[in-house]
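There are structures below to look over.
Here chain A shows up in two complexes: once beside chain B, once beside chain C.
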Partner chain A sequence: MTARTSRRAFLKSSIAAGAAGAAAAASGAAGATPDPLITQVQPWASGLGDGVDATPYGLPIEHEGDVIRRNVEWLTADTISSINFTPIHALDGTITPQGCAFERHHSGAIDLRKEDYRLMINGLVDRPLVFSYADLERFPRENHVYFCECAANTGMEWAGAQLNGAQFTHGMIHNMEYTGVPLRTLLEEAGFDPTGKWVFVEGADASSNGRSIPMEKALDDVLVAFKANGEALRKEHGYPVRLVVPGWEGNLWVKWLRRIEVMNAPVESREETSKYTDTFADGSSRKWTWEMDAKSVVTSPSPQAPITHGKGPLVITGLAWSGRGAITRVDVSKDGGKTWETARLAKPGERMALTRFYLDTTWSGQEMFLQSRAMDETGYVQPTKAQLRAVRGLNSIYHNNCIQTWWVRANGEAENVEVS
Partner chain B sequence: MTARTSRRAFLKSSIAAGAAGAAAAASGAAGATPDPLITQVQPWASGLGDGVDATPYGLPIEHEGDVIRRNVEWLTADTISSINFTPIHALDGTITPQGCAFERHHSGAIDLRKEDYRLMINGLVDRPLVFSYADLERFPRENHVYFCECAANTGMEWAGAQLNGAQFTHGMIHNMEYTGVPLRTLLEEAGFDPTGKWVFVEGADASSNGRSIPMEKALDDVLVAFKANGEALRKEHGYPVRLVVPGWEGNLWVKWLRRIEVMNAPVESREETSKYTDTFADGSSRKWTWEMDAKSVVTSPSPQAPITHGKGPLVITGLAWSGRGAITRVDVSKDGGKTWETARLAKPGERMALTRFYLDTTWSGQEMFLQSRAMDETGYVQPTKAQLRAVRGLNSIYHNNCIQTWWVRANGEAENVEVS
Partner chain C sequence: MSKFLKIAAGLAFLASPVMADGFGLGRPALPEEIAAWDLDVSPDGTGLPQGQGDVLTGEEVFADKCAACHGDFAEGVDNWPKLAGGAGTLADQDPLKTVGSYWPYLSTTWDYVNRSMPFGNAQSLTPDEVYAIVAYILYSNDLVDDDFILSDDTFAAFEMPNQDGFFLDDRLETEHAIWRGAPCMEDCKPQVQVTMRARVLDVTPTQAGADADTADTSEAPAAADTSAPDPALVAAGEKLFKKCKACHQIGAGAKNRSGPQLTGIVGRAAGSVDGFKYSKPLQAMAAEGLIWDQTALSAFLHKPKSFMKGTKMSFSGLKDQEDLDAIIAYLASVPN
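After this line comes the complex of A and B, so read on.
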């Protein structure tokens, strides 16, 4: 006669516990305390709200005032060359709004008007060119959703469980829909010399953040982008033009893009020698590590998103991504990696974009050691912290894609821990 | 020896004209006026920018201060029961940021905290239920990108070319990635009676905006949503919970969702009788018009986005959508519908979501009568204004999905016109 689901048991307990008065008011049961939010007319239902002229450009409601980017004061000497973190513990879906998408600057976010914007392509080309912003708008554009992850994301975890919260351990990442011109189109316009095997890209800010990119990648999927999530790039994301280097470390995604030089060798600049190289146990360094390996994290429950409702139905959710292609599977463990359950992907994985996963489960009320483990289309499986340390040692800062563990206690609170 | 493209001719003319000094500076040509933006060190390259603590939640840069929602003062008696419009002429890609996504309120945007939120399901159910916000978070969630279009979008065009600008003629639409619980799940939880063929949905604001929805749709793809583009719904979009009714008119997407009653007949409320019905030439009205038919518009060039660069390469772009499925093709005409060219879709069309199209073309410098024409997976072709009027007459307000014409003059400026 009526449709039924396995969640019925949940409502018998949780609504009875959490919103008992409300449930009673709805069903007209005698004896229960009426919920005034149901039985009384509320002010928002008896007065007028804001008119459509109130917010020409809107911000989140004040009740969400804690869902913001946060920096960690002791992490850097100054906020000018620093990082803040996306509040991934409080987000769902896959798109990151620009307003709370992490920032990384080397000399601060600059103010550069479209009218003052120039992009030079020089070096091993038929003829050097300079494009104005208006010039760039005249080339065929593409739209793609890509993640941008800082190479240092999760970097503090090399030294053990340090920062308490998914925002801080994994929040140097965002995922947006970019609109831009393929770099290939602009290089072809300048007539690049086939002996040019590298491009050197730099920004208009004081740091210039110069990086070398192999020509093969430059001609593949790199975008010269001017929109993110439909609108202009925000100042802190490189307005008016940034480079988008799908799947590769965020430091290559040069903001306020000023110049692209075609070269026959890499520059070996500061940003790719003393920084953004991976140091091994013996003190030697691996020169180039461009791709971001497959990785995942449970965003809720997590230290900033504890369980508040007691045992019973629980949605475990998180994000997975790979710089080498699409995510094909995510497993979740509640016991620190001894046993695994395959999570549900909200959508089939897309190449170089965040994938949302869910495990719709029932919580026993006992402590959990929550982990997630991503797999990508190359067959790669996200490693444990111990596996990664065995190969890389403890001297690294960058490219830590290890499995993360949250210890969820019986009271629902969670903590960043290591399991052996 | 070097790669070449057909756009080379463009740069010979446009860069020489538009950024001649810059091009010369880049190539070291003698005689040209050097561009100081290339030859001199700029302030943004010699000083520091903003630190990462400057914008815990960011807004667009001030130079984009005109890319905002706008209302039209004479359109409604008061801003409390009114509309503002998405600046679609200035956006690209498909995602609409919440901050500039159009609003429609019937009694203003209300302030409703998660703690005070209740959702009742009553009527023909095994047992009425009341859900708190925390209860909703315990059900399995889905993620989908959907457009939401007001039934009155383009409604002024029934009377001829009225409002000058894509923002005003077609801006009552937005497109976001929603996260929510399928309404079906909640109805099954309450145990709906199979004699219940309709649900009546209403909001917590003073207008309540009650609407009847057939059970078949309610059980299909309707979401009880709490996130848009990853983050909490904004106040003006129904914080903390709104209904998402894919492909159907925006008035059904009840904000601040308060109650869902399972009924055996529609309520025939104010919002579905005196409003949101389509009046025909003879004065009779069609009761239900839920689906938004296939439609498209050129967003650039358009009256608010004129051509500023003269003849030569030109990117014509716009949006297409259908409430009956995926967009399969968009054609563009430069001569008011006499001849058509098939545009490039940025991605394959997705069901009930905006599709971005591009026509990468060369402008002769002559006037154009720009049009776009969408086709969807049902085989439906977007009609001309004359075809629509022949069926619907001139008394309608809602569901105007006719082909739009922009008259682009030789000076690049554009105007909303009708072609016979």
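After this line comes the complex of A and C, so read on.
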């Protein structure tokens, strides 16, 4: 009975765009004429499908061919030193498949065989060491799920609403289960000098992308990882070994990790001075902003994931995360922040990992200004863009964790907007 | 779990990985190995090798190895980084952040140029070349005169204009202290109005992504009928082409970058790509009827600057004839 009323409600709704129109026609016919997809024997129910090994390593079925990483060409001079975006608008759950997880390269994704891999630890250590890949597999290892967010995620939105899609505004993020050796274990193996307050980490690619990390963090939860989501790291994610720095900006997660140097001061490399620093309105710049603060976004509905089913039952869903601990609560507003409802977390929040939220609701068919607002275990509440700008101005570029607004129109389409 | 099992598990946990002398894995890093990889340079100059370079030498090296992307005067080409200018703009609405206007330490420039540049040919510069390039970048920023010489001796004394322009992360005090507590749930604001729309700006890429691949395959079989290219040679050429990728694109949808797109280059008249601003010497040779056939390309790519004096192409050339053959085979193999 519920189904019948909702179908009637659906038919009454005036949505008519694209696939939605076709779907409406099909289910409309179902009321009067039997559905041939049911009454007629279909080819797939009669003939045969692919044998095993048709695809020894599978890709998504072709019908999902639009769920891919995308690049914003005008952002950078060349794809070799560039970034693309995870299609978060089309994913659910929390784990990001490696094949569509955003990439950021500074000199391209290099081809480095395990046999050619070497990891050096030097500097303030008793025993400067070189490890092979096989050596790394002999240390006790751990599994952890962590998000990796580029500090520039949402960076194009500082000065105003720019890119029309959750993939582009919030897709510089992925969330994987890593297998690796704690950095602490390797530092202890080399006999690190406790007076060394920093470790400098660098990659084997031409950019080398060196970064300085305080020893306290290095000894806490940093992982030297070689597997993600159960399989070897993909080339574009640093095969065969990358650094995992939980909760901290993605640039520190050095790919193709080749060297760890214990030092008594930071190197002040290009990536930690000229980039990844936040310039304020007065021209001064904040540095060492490593933790990614609590943030959330509605992934559907959103500009690339419009409502195609008309009014009635609607699942509003999104992602929340915090680099300072676990997400404890997410609120959703349908009216641009006048009123809020607390969403359902799919699972209790986990530290430095993506949390999926749902608001199972009924859509009236009227326009909405959808927002989400995350809170983490420190008591921090995700700020509005106005609050961020009041502190940092318009030129900060990095670390934009503002509340996002999607303007959902009566026809189900959504647009990235800023609201008062 | 029984009490006994809990205790046993606890003991096992304690007993397993912790060993006083570590695991005995890995091998000692040799001094030569450390010297080869430990190249980073700190703000006080620690890590700098001996050497020196002056502005005028730097200008030549820069023109040869850096200007294709960064411009003759370090002003930046297309979307490539601008290295000069922007002094006094950091508080502007759209600040220009360059080595001169923004970078707090000179060591950062030396270290980055030395380890990561030139793009596509990193770690190929001698210490003296790096000193010279850095001296020229300082000169381009009006921070030194044209008789300036940078060396490991003079390095530490040099102070960058924006050295004191940075402060440490203070978010816990200035942001977290405010943005916390029970958030508003009802009547949080009187009205909501749209103040900016992404669609008005219209800079979002369109969703036409997967088409390129299908288009490719349909055209692939129409290859040359004279002599089938050697697949191994083409593959070797494709690898070599990585050296060119920083400036040149090739294939379906290739666009002009700091160099012209190269689709169909083999056998084509020189200087004929639409919308690319060719150098004067190239225009002159094109006017004389230069065709990029096997011989001409081979000569050009062997020694670009001898073949075409004054070319904008900063590539130093391929020595081996095999490499030349490979890259031309690759260029010829890419369908239009």
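Here, the second predicted complex is superposed on the first by the 389 of 420 C-alpha atoms of A that agree within 3 Å, B and C clash if a C-alpha of one lies under 4 Å from a C-alpha of the other, contacts with A are read in each partner's own complex, and residues count from 1 in each chain.
Note that in this section contacts are C-beta pairs under 8 Å (C-beta built on N, C-alpha and C of every residue); 3 or more make two chains touch, one makes a residue touch a chain.
Note that the structure is predicted; figures quoted are calculated from it, not measured.
Shared-chain residue A:360: touches chain B; no touch with chain C.
After overlaying the two complexes on the shared chain, residue contacts for A:112 are found with chain B alone; chain C is out of touch.
Shared-chain residue A:131: touches chain B and chain C both. Once the two complexes are laid over each other on the shared chain, residue contacts for A:188 go to chain B and to chain C alike. In the superposed model, A:45 lies in contact with chain B only, and not with chain C.
In the superposed pair of complexes, A:409 makes contact with neither chain B nor chain C. Touching more residues of chain A than its counterpart among chain B and chain C is B.
Using the contact criterion defined above for the overlaid structures, shared-chain residue A:103 touches chain B, although it does not reach chain C.
Within chain A, the residues touching chain B in one complex and chain C in the other are 68, 70-71, 78, 80, 107-108, 120-122, 127-132, 135, 138-140, 185, 188-189, 191, 206, 208, 258. Listing the residues of chain C that touch chain A in their complex gives 16-17, 22-23, 25-29, 33-34, 37-38, 40-43, 69, 78-80, 90-91, 93-95, 97, 99, 102-105, 107-108, 111-112, 115-116, 119-120, 122-123, 165-171, 174-176, 178-181, 183-189, 191-199, 201, 203-205, 207, 209-210, 242, 245-246, 257.
On the chain A side of its complex with chain C, the touching residues are 65-66, 68, 70-74, 76-78, 80-81, 106-108, 120-123, 127-132, 135, 138-140, 160-165, 168, 185, 188-191, 200, 202, 206-208, 210, 258-259, 261, 263, 265, 267-270, 273-274, 277, 279, 281-291, 293, 303-304, 331, 335-340, 369, 373, 375, 378-383, 387, 391, 394-395, 407, 415-420.
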